[in-house]
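First, the structure itself, so that you have it in front of you.
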Amino acid sequence: MYEKTKQRVYESNIALAEKNLVILTWGNVSELTPDGKAFVIKPSGVSYDELSPEKMVIVNLDGHVIESDYRPSSDTETHRILYQSFDKIGGIVHTHSLYATSFAQARVEIPCLGTTHADHFIGNVPLTRALSKQEIEEGYEVNTGRVIVERMTQIDPEAIPAVLVAGHAPFVWGENSKKAVTNAVALEAIAQMALQTKQLTGQLGPVLESYVLQKHYTRKHGKNAYYGQ
Amino acid sequence: MYEKTKQRVYESNIALAEKNLVILTWGNVSELTPDGKAFVIKPSGVSYDELSPEKMVIVNLDGHVIESDYRPSSDTETHRILYQSFDKIGGIVHTHSLYATSFAQARVEIPCLGTTHADHFIGNVPLTRALSKQEIEEGYEVNTGRVIVERMTQIDPEAIPAVLVAGHAPFVWGENSKKAVTNAVALEAIAQMALQTKQLTGQLGPVLESYVLQKHYTRKHGKNAYYGQ
Amino acid sequence: MYEKTKQRVYESNIALAEKNLVILTWGNVSELTPDGKAFVIKPSGVSYDELSPEKMVIVNLDGHVIESDYRPSSDTETHRILYQSFDKIGGIVHTHSLYATSFAQARVEIPCLGTTHADHFIGNVPLTRALSKQEIEEGYEVNTGRVIVERMTQIDPEAIPAVLVAGHAPFVWGENSKKAVTNAVALEAIAQMALQTKQLTGQLGPVLESYVLQKHYTRKHGKNAYYGQ
Amino acid sequence: MYEKTKQRVYESNIALAEKNLVILTWGNVSELTPDGKAFVIKPSGVSYDELSPEKMVIVNLDGHVIESDYRPSSDTETHRILYQSFDKIGGIVHTHSLYATSFAQARVEIPCLGTTHADHFIGNVPLTRALSKQEIEEGYEVNTGRVIVERMTQIDPEAIPAVLVAGHAPFVWGENSKKAVTNAVALEAIAQMALQTKQLTGQLGPVLESYVLQKHYTRKHGKNAYYGQ
């Protein structure tokens, strides 16, 4: 059942590790099944060199595990809320990559300082508010998903496919898990460059001209895109 | 004698090098034997590509080397004091990893700035005081162990499995050598992220909300843990 | 047609990736053909592990693609303007390498702070002005080439073989694509060292004495060079 | 002639590259021959993947090349002056490693901030003065050697086996080329940690207590050393 999706999610988890975005077991990738009824996700706490496609866990959109010997990632409920809330996404990545996580810890959004950023995110990478004590007690992971959705109100998740959870780390998505991994790679690079830009100018700026941002984003995305084959 | 422990300590030393926590021969790993009467440790100054399980040195808890052709790590006395003082630890790692050592040199504790930290250390990674001239003359390595133990008074070494020795470098531990290596990897990552957070905010902050810290730590540790398989 | 140049451009693109100057598909290399009538360039958006010499695209100096199944790099027009304008260059590299791009984002030129810089660039690595909205609408890539040429007025492109496009990233060149890759490697290293020098001194300085700059540059370049075989 | 020394110098040059201390061809290693009459050095500008033991160049202490098809490193005269001036050194390394070179560019000595430094250098890593215009015109490389020797007056080159040439990069030495490479690795690590310590404390400090410095150095060096086998 869903063997191809399991294979894809396995490969995307491995790709995440190969891109040096994962330390120890701090990261996970999921992908929606083709019928949109469930998603496949990394098993919890299993090290990357012990992963195999069969160990991937299927979870339906109500949060129930379907036929698996493993427990799903402890972040599964966060993934689930995002799939329920964002219509057009098909893959999600969570990492504690070193630069993006530093912005999440600093509780600072990543402004668009250059075309590298504009190629992937059409504006600031947003930051959630902190969860309240009550939200954490009632359901930490599900409420992490909810504060992400709250923050993305009036933001198109296709055009800004990443968010920083305050004090925690990034969640990144895309039309499938492979695209989500690509966006996570881009996020880490722009976070490093934003920090270094600040070290040169003394501020998180200057911000890229909005017309350059629009140009670069639409060069790669949408019906007038002309990047790629 | 203690062949399995020798094999494990060998593997943990190699893992430490593979995780890029060791430069030249600046690092060593030890593990308590199953009977709790001795520990096995890396030989002094032997390069990591010349290590083998047979070269590991057995030292009893009185500090005497048992049947070995090699001299144990020059830091052996520090390891010994920690095994004597901390009941529940079974493995110790010492490194000069670049970010954690920078905090030790700066003589600055690492506050908990995010969930990555909270997953491994339930509060500040503490800093020892400097040794006095007399302490160094009387027994540098044994007194290094003692200032660590002094600093850990009223701190649970299971819940905070690392310390920064002022002007020197970190010592890290765990229930066995493999877990100690994992904690050393985590320490280096949180040290790098703490420095980068400071570069963004101008201070070693903001500190993570205490209720988030508790939640993340207990998600991975203790009887209500639900992370992993 | 131009098989040898295709092979060379393929190898230079691979070298660029191996030198860790490329993230995802953010980079491209081109080289002028021996007859000077066209240049060979990486296809747009093709990942580095799927490249082959046959996929390289030939473009003539009027901007028309010659016999190819692939679309050329989206930055092709920028390369073309540079080949038209700078007589003596035979290869061009574009990257979003992390340190050089941070300077482009910060909109700060890289002054010559040491002999490493002087060995490759006889003075500041210059920064272009930002493109206007009109220039972007009329032809983003061609006008990127034009602001580079504008900035290089009164600068010898052989003696300063790199430029930072404001808010974007570097373009680097050389007598052929291999030399351009070498200059891109040098640029990234001097950018990192310039940032670190600033972190030590609080400024992008001190600047290297001009007579040392001249000495180091002429040691490696020109008729009195005595570096190499 | 001197085949064994050629082999050793070849291996040390390769080790330097494997330790990531060399970018492009920016680095070279030499070693004194057993009879003390000459030294063997890397050929100028030859890339590290094209090196072989036979390509190493023999130069006598008067500066004349002995039987070689290659020109020696352009820094040969600097090496020669150091061999002539420092009695007890047998190997020399020159690199443009990224952190140590940043200190050379900043023209800031590296103070001893921790035991990692103390294990290899018994005090500040010193900085030369800049060469005058006349010194550069009269003999750049030979005078580079001379300003190093001038700076090392009243410093024991065995106890401080490295120097930063202002605006240029480090020279490092040891009793043979392998030890010199080890010292170059140590220098780069302590330079990175010194910069990071400054980023935490706002200054290049605090400096390590002098009695700890002495203890750590003598633990590894001299007749009372007890580190290693």
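By letter and in written order, the chains are A, B, C and D; residue numbering begins at 1 in each of them.
In this section, a residue touches a chain if its C-beta (ideal position, glycine included) is under 8 Å from a C-beta of that chain, and two chains touch if they have at least 3 such contacts.
The UniProt protein names, listed by chain, are A, B, C, D = L-ribulose-5-phosphate 4-epimerase.
Here the structure is a predicted model, which means the values were calculated and not measured.
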| item | value |
| --- | --- |
| Touching both chain A and chain C (chains) | none |
| Touching both chain B and chain C (chains) | A, D |
| Same or different contact residues where chain D meets its copy chain B, judged by the half mark | different |
| Superposition rotation for chain C onto chain D, Cα-based, multiple of 5° | 90 |
| Chain A and chain B, separation of their C-alpha mean positions in angstrom | 32 |
| Gap in Å, rounded to a whole number, between the CA centres of chain D and chain A | 46 |
| Per-residue multi-chain contacts in chain C, two or more chains | 199 |
| All chain pairs that touch each other | A-B, A-C, B-D, C-D |
| Parts of chain C lying in touch with chain D, wherever the complex brings them together | 113-116, 119, 182, 185-186, 189, 192-194, 196-197, 199-201, 206, 208-209, 211-212, 215, 219, 226-229 |
| Chain A to chain B touching residues, read off their complex | 23-24, 26, 43-46, 70-71, 74, 96, 98-99, 101-108, 130-131, 133, 136-137, 140, 167-169, 195, 198-199, 204 |
